[in-house]
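Working notes, beginning with the structure itself.
Think of it as A, B, C and D in the order they're written, each chain with its own count starting at 1.
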């Protein structure tokens, strides 16, 4: 499956194999990785939590929207949940396309959309033992029907 | 080595392992892949030729320039030479950085510079048996010293 | 009617529970559900009245009328990636 | 002096050889080397007089004076990636 929320470690090479086509000359892979610091504090790990069933649906929607914006491209996206140590991959987005500009643009836009709309939260665990839910984005909600 | 001209198949995962750092939250990998068509003609393979010793020096220079433009990022780049079939990877560029914008920007810029300046040529072999050197970019040459 | 409410992340920590069954009058909206939860006081009252809501796993406006059996979730500001 | 000239891709195909030793007067420039090669006629003459040149594996202006033992390459328009 090209879209997934997973508790297992992400294998970037496996995500790349989900894209590509004989008419595609470019592939772009983005990896989000847990950093050892944030806003000046030393981070030990991040616990990613998701509304998993919904997150998988939203991720599929975001991927479908991105593919529709640039017909012909292929996308795979995997978001991990659970407690991740520094250096572990939280998000992998792979895009293939005929030419490189649309692969770069689609990958970048999809990462932004994921951060804006995917029902996922992260709790940073600091090396001093404290933990904190990171401030996030209020997801866009459709207007009420009239 | 993080910069290489090679006759062997490129392993994207191996290139990715050349970047990353505990303070880096983003990794971007670009792959150039041989397409089955170009300018309306059916392509069977591409023969990549390089002035290998110079190409490795130029690639190292381009990577060093890119790293200097965005201090703290890490870059690996591998260009393949020889006859590549459709679907094979000709170029891999990996970048890691603290935040995603500079990883995307540096990867994209480096690919452009490689296409502009690396002494590499490609001869397309078409399915009808014809072959042709692709038109390329005149590389920028330093001004004469006065 | 009975609505199954799911709470995540910060809101779950505030509420002290990840799941709640809430009794509401027929025709109640998502906004009324949020109000009913907030009126429990304590940590519940710290959930904002304008919290984002998903109904049956899709983002929905607070004006959305609910039906028996709906799965409703309160969605704190998201921070994936 | 003797200069080792390397030819690649289209220019090699035009010249029919990938390598050539060229005798030039001392102090000759890269431009004079290109002219000496072009004056051989045939495919050589189809190499453009303004061809890009690398001297000792670095791009160099055509005005560059050459020295005995330099490795000079004619660089067709590049097309990597």
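Annotations for the structure displayed:
In this text, a contact is a pair of C-beta atoms (placed from the backbone, for glycine too) under 8 Å apart; a residue touches a chain by one contact, two chains touch by 3 or more.
Note that the structure is a prediction, hence the values are computed from the model and not measured.
The minimum number of touch steps separating chain A from chain C is 1.
For this pair, chain A with chain B, the centres built from the Cα atoms lie 26 Å apart.
Per-chain Cα centroids separate chain A from chain D by 50 Å.
Contacts with at least two other chains are made by residues 32, 111 of chain A.
This structure has the following touching chain pairs: A-B, A-C, B-D. Here chain A touches chain C in the complex through residues 32, 48-51, 53-55, 57, 79, 90-91, 111, 114-123, 133-144, going by the rule given at the top. Contact residues on chain B toward chain A in their complex (touch as defined above): 12-13, 16, 20, 22-37, 86-87, 96, 98, 100, 103-104, 107-108, 111.
Note for the complex: chain D touches chain B at residues 6, 8-10, 13, 52-54, 57-64, 73, 75-81.
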